[in-house]
């Protein structure tokens, strides 16, 4: 039988040499092999599987991903034995065996695939595929959770390297910044330069040693004297540059995740905290750390309130009049941020969920702060400042966790109260 | 109750400020907190726990490690529910929940501790402590396996960076090389220089981004024309330097693991393979990759054979005569390497286990190759060459796995046969 | 008197503190001071002079440059004595004194100005000013020659660092490449990327440690299979990329000096030779090193031949017909390159002077090779290949030096002969 | 004749290929060739000359150096014409020509030799040879002055790079620090580590891009609370480490020039000033910058005063009694430093000449500060603090230049006055 296996291997290698596309079935057989191989042992096989997957047509790639759920599940015999053993005698050893036996064998596959050239980057890309084809793949959620678990371990915040990105960064990297900017589009290299070169601008990104050329997430910062009330005041090409030594406020005006394959892996909180620490050390004159953020879910929520007995009138006014009345808009936005929750009890607005989950509070609301079509569509052009008050972060987050209470400045709470009238 | 918790926290912080040593119980309470905290959220708490642990007296540190097994075990309620759920309906979701629920909460603790400054290095040091106190700690093996699992994931070979160490490396690093060298002691800086500076010498180490100043494992290489028969021929201060372009053989004459806290995490195989690839690319004249290795377990095994009906006479001759008769010593060493197994069926000699497990074969045996007292004590001064034949590694390893058959050169098998007579 | 000087200094410092512009006269007085100061001693004074110069209005700056010739000339007393001494007894010591006494004191001024922050860059910029205002400044040529002498010593080819510029180079540097490209304009970042990122493109520049952020000169290289006959074949966005391992020809298609203040300092020859060495080592398949170059002086020369008894007919045909007849154009271009000389006996074409002076030969001529308006204007759209045959460079240069004989391929000499009929 | 020259060249190349040693005459002929070659043109010839020189036996090397004076002197015809021209009409152009014509042709030779691999380092080594053989070489002083002139230009302080040397510096560099330390010998690597690793120790060196692996000069600094009174208080292995943030004094306790071939090129003043600037920026608590320096010439001077009517008694007491009476020793040392001058009017003590020339003042004198045999021999074990008071440096230096007046603290002047009684 060994001979047959080896004959099969020879055929396989010949196919690879001829660069025939490999079928999903072949790739899965190779993957079973690799999952059995000791750690660090088979970089060539890892390379073949990833190359084979990447060269395969889409149908085969989807079939491969579907097959992983079935063919690289835990060993059923070992699992059954571990469950039974734990049932008889739930001691630490039995528990450890239960945990080990219930680990899908694809975890070991993924760990071994990491040995291929640029393995980490390619595994992240494989999870991007998985996201795209989620509906067409069997047990996609399980597989996705497996990969997320592994990537969370690898991309532990302790391994992320904070780097400043500036106008002397490699052009190849800056091109990615242009492409990945998700909040306020960067039109061309001149606009990028205006966000990086002036001495009152900063940009920081997280990198990981396994993906050295790829930013994971980045934040753009403006140093100002006061809290900004509009995006134009930050991005205008003709604004006055603030000497960094005189800056009192650091404004986080854009945060973009770069890797779809790392969705759900939480970097953002660490990024902001580390940037705050770094800026405080560099510029002791800084007093306030604040965002200028969009409210992507505001319009949808306002629309859902159109028939609300309390808020309906305000909602209709804001929806019908252009520009919407600022007072009503402020009231609705404050109510939305402070009270609107998802079914799972989380803050409804996705950007708010991130900042409030970090312990920030709703600091101020600015109608007419962003004239872009996107902002009009999402939030009637309004924006919000979230305040990062280092002394209050932990308390705010604890209250949100415990009671679901969103922290808001007195002024914002007043907006909402008037909104509730 | 919250107030009390907060009051407790204030006391705790005051204690930390005063630098009172923290009790194991305090550290465990803080650890439970940290294990609950979202990833990346609580670097300050991580720092406090690790600093507290490091400053605590040994009894408290041991109590803390013992306590981890009990107080950061899996949540029993969730675990029971998961086992029951999987029993009712063993679908992928139930399996995933079973795996998640059986994960000890200390895994999340360790992941979050990594956020402290130099977190990875300090966790590795914590595992060093665990090794030292293994006998005095409850459930030490479970805890050790947990840490090993996590560190295996973090120190995946795909994340290790191969670096050459030479005479222009930082003195602070070279001092560690002197300290960590485990095979052939480096007496002083001049001796180190002789192993690094000549153009026929190489040294390579693995590094990890989480422990940037610490080598994990390193190998020392000599470039020669033929296979070396003694360690003196490699280390003598008066040898002739071999121009690298004329070298036909690369000799791996010393491999040292540097971090006790990473014991059992397998780097060595990747290291040797990567060094072989790198040397082949740099020096196309190289034909042979071979070790010159000690046989640490030979004497103990020979002693155990003293009454063996077949090998007894040879064993006694080798044990009694000084220097031992070369022929008998070769026979015994060959038999030992090719056949001696541990209770678990593994190759008995620890160095042999490593190289043969990598797919190398026993290439030659040299009595009188190492005059040092240590070598006399371990192996009567004999050494062995293991050959890394790239075309045969996979086959050799497969046979060893499957049949327990150790690969040996014809000559070595002949030594052993004569030994069996 | 000292007191007065010191009082003067205090006034001066006060003026600097108030950022009053300094007059040329003040700057010259300070410069006399600095020229007397021991080497390395007075960085602050150097900084004041350069800042003062840079902040001064143009008239004062010109007056300062004019004043340098007079006020920082050699010490006349010492010079007279040295000339007399050498006349009496022309021994090595007298000669050394003659050389030292005839050195303008501004040399020491310039050496001491180099201590200011970015001193070298600012001195180079000062020479840029000198070039611009050459006609309005007294003895500008002497001053220019002084600076050129000093800069030649500092920018000795042994101190230049060859660096590859690619798509991962800093954006701030790449922006300068776009700005400095003098031969084939780079329209935007996408075009730049097409010249840097494909694997069959190279760009190399010289840098100097005194101007770390400024390229001095750069060359763009295309790797191809054969000798290119048109610039479009190199720059077209849709061309086929040549795998570097298969390239047989390296084409130097653009060489640009970056610093006007370093005009006349000869880097180009070293640059090309070093790039040739580097490419040969990296890509052993390369056989041919050739340029594709403009002929900036061709049209003017053709116009001057319109009434030439021998060449007149061809010249008029080329001048009158559009597109010009290829055969006639080839003949005229070949004759121009092989025979046209300046009054000083140098090769007339400035680009040709550079390459032929390096020992290259005229390899081929291509009518219609460059459709740009500039090329039409300069050379009727024709381009020339200069061949760098390493075995012939020295011989070619020696013949050119000795006899004024320009090296040309047999084919090119044939073009010219036909042109002479 | 050309053919003969070329035939000669072929012979020459054959000799180089056979690695026959080249005669001084051959080397001089090649050097004449190279001096004529355009800048940057002939790196291969430069390499041959330097390799030939380095491989030649000592007699030939000395003959080569002697020959440079004669065979690479200025062109006599051009020189005569330039002198005459300047005599007729001393205008700027004639002056420029006089300066150019009086430049020895070996200057161009040296500039072109710099193109060889490691050219700068090898030229510096050639000047080391010149220093060693000065007595045996014709016109050695002229040649030495030529090289010094060129190296002064190249090693302009504006091109020197200040780098901190610490325990993570390359071992190959640290080994040079051990070798080059000229003031307080570094016994072994442990002693070196004690001077580099503690947080209250600093070491800084100048480097030049043309000799990247060679320190030019370095200074060792101790951070302390008060001014040190003995070298033991700084170098003792058991001293208490001073937290840098609490340091009020930076002590320059050892300054060593590393390159004999750069003797006379003044780096030291720049080094100290730059280190002072850097430390002030890094550690705002620093108030005092002071040396603890030897007095190498004290004993010889005291011996010369033994019959002095005023100082004789004190001198004899100090010379005869062991340990010498502290008061007398202080008086003599203060008088020596404040008043003793060389024939040329310079400060007599060589270390004093350096620091006082930088504008420092004599701050205090400590008998018994250095128990080493060397210090006993040179200065009866006494040491001196020179104070770098940034506000007074310029004034002190100006007074020394103008009046020969050495700046001394009131206390030191009092010591000397008592000495004069």
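Order of writing sets the labels: A, B, C and D. Residues in every chain begin at 1.
The rule is short, and it goes like this: a contact is a pair of C-beta atoms (placed from the backbone, for glycine too) under 8 Å apart; a residue touches a chain by one contact, two chains touch by 3 or more.
Values in this document were obtained by computation on a predicted structure and should not be read as measured data.
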{"item": "Any chain in contact with subunit A as well as subunit D", "value": "B, C"}
{"item": "Centroid distance [mean C-alpha coordinates] between subunit D and subunit C, Å", "value": "36"}
{"item": "Cα-centroid distance, subunit B relative to subunit C, in whole angstrom", "value": "59"}
{"item": "Between subunit A and subunit C, centroid-to-centroid distance (C-alpha), Å", "value": "51"}
{"item": "Chain contact topology (line, ring, star, complete or other)", "value": "ring"}
{"item": "All pairs of touching chains, each written as two labels joined by a dash", "value": "A-B, A-C, B-D, C-D"}
{"item": "Contact footprint of subunit B on subunit A as seen in their complex", "value": "2, 38-41, 43, 69, 73-74, 79, 83, 86-87, 92-93, 95-96, 98-99, 102-104, 111, 114-116, 119-120, 139, 141-142, 145-146, 150, 152-154, 156-159, 161, 209-210, 266-267, 269-270, 273, 357, 397, 402"}
{"item": "Contact set on subunit A toward subunit C in their complex", "value": "167-175, 188-189, 193, 197"}
